[in-house]
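Read through the structures below before going on.
Okay, so subunit A shows up in both of these, paired with subunit B first and subunit C after.
Up next, the complex of A and B:
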């Protein structure tokens, strides 16, 4: 039986029962649109957690002295030959060397434990510091011996731009260093925790205080695929005795959540589409039963069983295809309303503890849309199996007698 | 139907039941669809209930307790001078409140902790070891040594100990701002190490004896928090009034919702995401039930025409269809609940080991989740989704049924079957 005829026949059958097929279509469209919209939210969440994890001074990878993670301190610093950054792969967006060590900060009133970070401000476009809002002045360069304080920390310490803070930390020789720093400015970060955790100063200025020419980390940002690790692995060969650690190991919680949400996208799909199968099979079986006589006639005049099966499969796939298209279009239309972001400031504390920003931006991933479409069509073929078998089992004579 | 005698009602039900079995597959598919949705939603909800209980238990159990009494300014601005005088008296009074299981006073300060050559900033917490062990899990996270065996002992996080380069038996010096503005200091011996798995806590907390802390930081009998554990974390809100009556006028009572705002919000977010999935599921299934009934009504057009012709009221036909819908719903609910019970009942006593799931092990440690989750069944869980499904099914039966009211009898009779 020619394919065109087959398609035409199935198509007309769909139109013969407009009402019930319309409802089935609606059910498919609602299911697909719902799955797709929930998917955009999960993808958005995933992206958000990933960006936050990578932007909060981690980068896609860090070059570290292997024992630094267990025992962060300037004794775990290292110096690299200047040539390492020559001929970096094209997809490396940037890198920044830093000193990052624990320190105690004291104002006239209060004492807090923080991470003291020595940076070259020009390199920090790769981290959140690059586009953080700063009240007062930014650091002018690696030799700037003033400090940048997070807004929440400044509040807790009861201090402000222009005042002084005393920092206590440990020098390269293991002895305690205590020094006063003037506050150049107060920065704001989207994740409140960062403001409490990090205090920035010039890298060279900090090296002078600690009597060292070393750094404790080099953070690297890569363009494109956040989940791609090949570039990171490629970098590992450039450094002897140093570890190249990817963000997944550095931010294990965020990496775990990204992974879990990636899996739950599929679970969600299976659940909702599974519910749809019951309705789909129901409708298809009815469609076959109603046409028993007709199918018997077709068989009697010589239609092959395979063609009968094909008809049922094509009919089911056609309904599914239209439903999926409508559903994805619906999802896309709804998505357009929320694409700019949803304000979730009411959940600020919790989102921050999950590593998310207060404005939530869903992400419409076209690959997921394609995946949903393909899986749905596969499902419709699967669901038509039983009805098709029923159709083939018809004995032409019996069917004609009805 | 109201005027019909009881026997007629039974007849109706029997006819409706037989009607269902004229299309056996369709009935089963509808019932299974409903059962599938109810099963997933009930299992999901009992899983959630178990998870939230576990979150609350482990989050409040580590340090914060179910509620705390503090100086009114301490929560927003934790300075040493914002303390509650007469801590022991307050502790005793709160311990006498009915429903309170344990009470523990704490004095704390952020301080510089130094071992021989190294120093780190840390939160130093003075605790009464006996009282604190009754409401906080911290002592059970013992990694080495003992939990505060002596008056001058210190209980230190493993990461902090590593950073300081200290071992059991070493001496540490704690320096910070005292209550009266001078320098507070105390010397302690490290007698125990703890490891909670939460880097924040392991890196920046140490506990010392309450008396040593109060002496070293010139606090007298003053404390910063009196931590309260009640019989049930969720019942704390209802106990506010009795607790507040036992407090001094200047105190501030904070329950775990206020102490750990991210916990309640995390629960709300999780609940909202799950609710969206449930709604989607229920709507999709309800639509397929609607479809099944539309097909049924169209197939039976002739039959309905006949019934109308011999004098049956349209309302009676609608009632019959409603009974059919109810039967399908009841079958689906039975399937769904039975499956749910079969899955959840064993799990709710044995628990489900989530640490084996890839990616979860990291979350177990850092999101304060226990390794085993116990899904919790309750009436609410078992009633809610069947309730919504019932509404959906009745709607499904009623929409096509109204066609019966406008059915032209003669044409209906002529309809092909």
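Up next, the complex of A and C:
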């Protein structure tokens, strides 16, 4: 049976029951739009969690001494030969070597345990520090022996820019170092927890204090989600005895959340579309039953059973296709209103604990839209087979007699 | 011979008492004939028509249409037989409601894969020979019973079938419309040599046919 004829007949039949089909079509469109919009939220959330996890000094991967993760300290540091970065692949956006060790900070009023991080400020465009708001001055370079303090920590210590803090930590020789540092500036981070955790100073200045030329980590940021295996192998070859650890291992909780939200998108989709398919099948069975006579006649005059099945399947798939297209268009239109971001400051604290920023930006992923469209169509083809089979299971004569 | 039935029986077993709709029917139909199956209601006329048309399978016996034994054909082969060799006209008009008169006639040529231009001209000719060329754009719901039945006949003959089967074609028509219809069938039979088999208990039909076969309780009498 020629495809044009199939489409023509299907189109006329859909039009014949336009009211019923319009209702079905709206249901499909609304469901698809709903799923797609929730999907943009989920993708936005995922992206946000990922960016936050990667931006909070982690990067996409780190090179470090394997035991450092369990027991961080300068004695787990390693020396970096110049030239290690010579043939990094093109998708590497940047890298930064750091010393990151536990320390105790003391003001006149308070004592706190923090992470002391020695950085080369010029390299920190790859982390949140690069675009953090700073009150006072930024660190001028790796030799700058002043410190940057998070706003919340400064508040807790009851201190401010220009004042001094005392830091206690362990040197490369295992002996305690204690030194006074002047506060160059106070930084603000979008995730409040970071302000309490990290205290920054110049990398070379910190190395001098600790009597070492080593670092404890190199963080690498790329354009993409994960380093490819050849890059990881290349790095592992260059740094013997060190590990190349991806952000998924370093930020297990965030990685798990990203994964779970990815799966939940599909669970949601299956539930919504499953319900929809029941409605579709119901409508199709009704439509086929009331046209049984007509379909029987088509077969009586020589239309093959397979062509009759094809006609019913094409008809329902056409409704689904129009519904899905309308739904995705609707989702896209609604998305335009929220594309710039949604202000969630009211829920700030609870969201921050999930590693999310106060405003978050939904993401319309065209691949998800395509996937939803393809899955919906596949579902409708499967769903319409049942009523179509019913139409041809009955003999044409019996159908005609109705 | 266009049709040769030998010892054809059809028994319905679905009820508690088996119904013998046809019992050992021998029947032949030559090219160019117009045979009318006559007999009271329930005598087996429709059943014989359906068996010959490949819409029903006999319980026993042999049915040869245009040289092909139809009792051994598969469902798809029967579809093709009905599409290419047989034209059906049913008691109810059985047109596709969403298609216009012309499209209904064209439909069957589309199933046959005839190209657009030829399809169009042949369908228009068929409608013209039924005297309803001016109704080609009307849908079935916008036509009278007689007009719809003419469209149904146009659809049945547009493929130039070896055999035209019509079951009670005049059952739903008034006397003058029936007469017009019978004249149309007669001219198809006489002028174009179409072989026709009708089933009817309408005595008016008898005057037009070339031969009459009487059925009673499933047997030829």
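In this text, the second predicted complex is superposed on the first by the 392 of 402 C-alpha atoms of A that agree within 3 Å, B and C clash if a C-alpha of one lies under 4 Å from a C-alpha of the other, contacts with A are read in each partner's own complex, and residues count from 1 in each chain.
One rule holds in what follows: a contact is a pair of C-beta atoms (placed from the backbone, for glycine too) under 8 Å apart; a residue touches a chain by one contact, two chains touch by 3 or more.
Note that the structure is predicted; figures quoted are calculated from it, not measured.
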>> Quick one: is A:282 in contact with subunit B, with subunit C, with both, or with neither? Answer first, second, both or neither.
In response: first
>> With both complexes overlaid on chain A, does A:295 touch subunit B (first), subunit C (second), both or neither?
In response: neither
> More residues of subunit A are touched by which partner: subunit B or subunit C?
Replying inline: B
>> Tell me the contact category for A:147 with respect to subunit B and subunit C: first, second, both or neither.
In response: neither
> Is A:304 in contact with subunit B, with subunit C, with both, or with neither (first, second, both, neither)?
Replying inline: second
>> According to the stated criteria, A:112 is in contact with first (subunit B), second (subunit C), both, or neither; which is it?
In response: first
>> Under the stated touch criterion, which partner chain does A:183 make contact with: subunit B (first), subunit C (second), both, or neither?
In response: neither
>> Please report the subunit A residues shared by its interface with subunit B and its interface with subunit C.
In response: none
> In their complex, what parts of subunit A are in touch with subunit C?
Replying inline: 1-2, 5, 9, 12-13, 15-16, 294, 297-307, 396-397, 400
> Once bound in the complex, which stretches of subunit A touch subunit B?
Replying inline: 19-20, 23-24, 26-27, 30-31, 34-35, 38, 41, 70-73, 102-105, 109-114, 156, 168, 170, 174-176, 252-253, 255-257, 259-260, 263, 268, 271-272, 274-276, 278-283, 285-286, 290, 346-354
>> Which stretch or stretches of subunit B touch subunit A in the complex?
In response: 25-26, 29-30, 32-33, 36-37, 40, 77, 79, 110-112, 114, 117-122, 162-163, 176-177, 204, 261-266, 268-269, 273, 276-277, 280-281, 283-285, 287-292, 294-295, 298-299, 358-363, 366-367
>> Quick check: in the complex, which residue numbers of subunit C touch subunit A?
In response: 50, 55-56, 75-76, 79-84, 88, 90, 94, 96-99, 107-108, 110-111, 113, 155
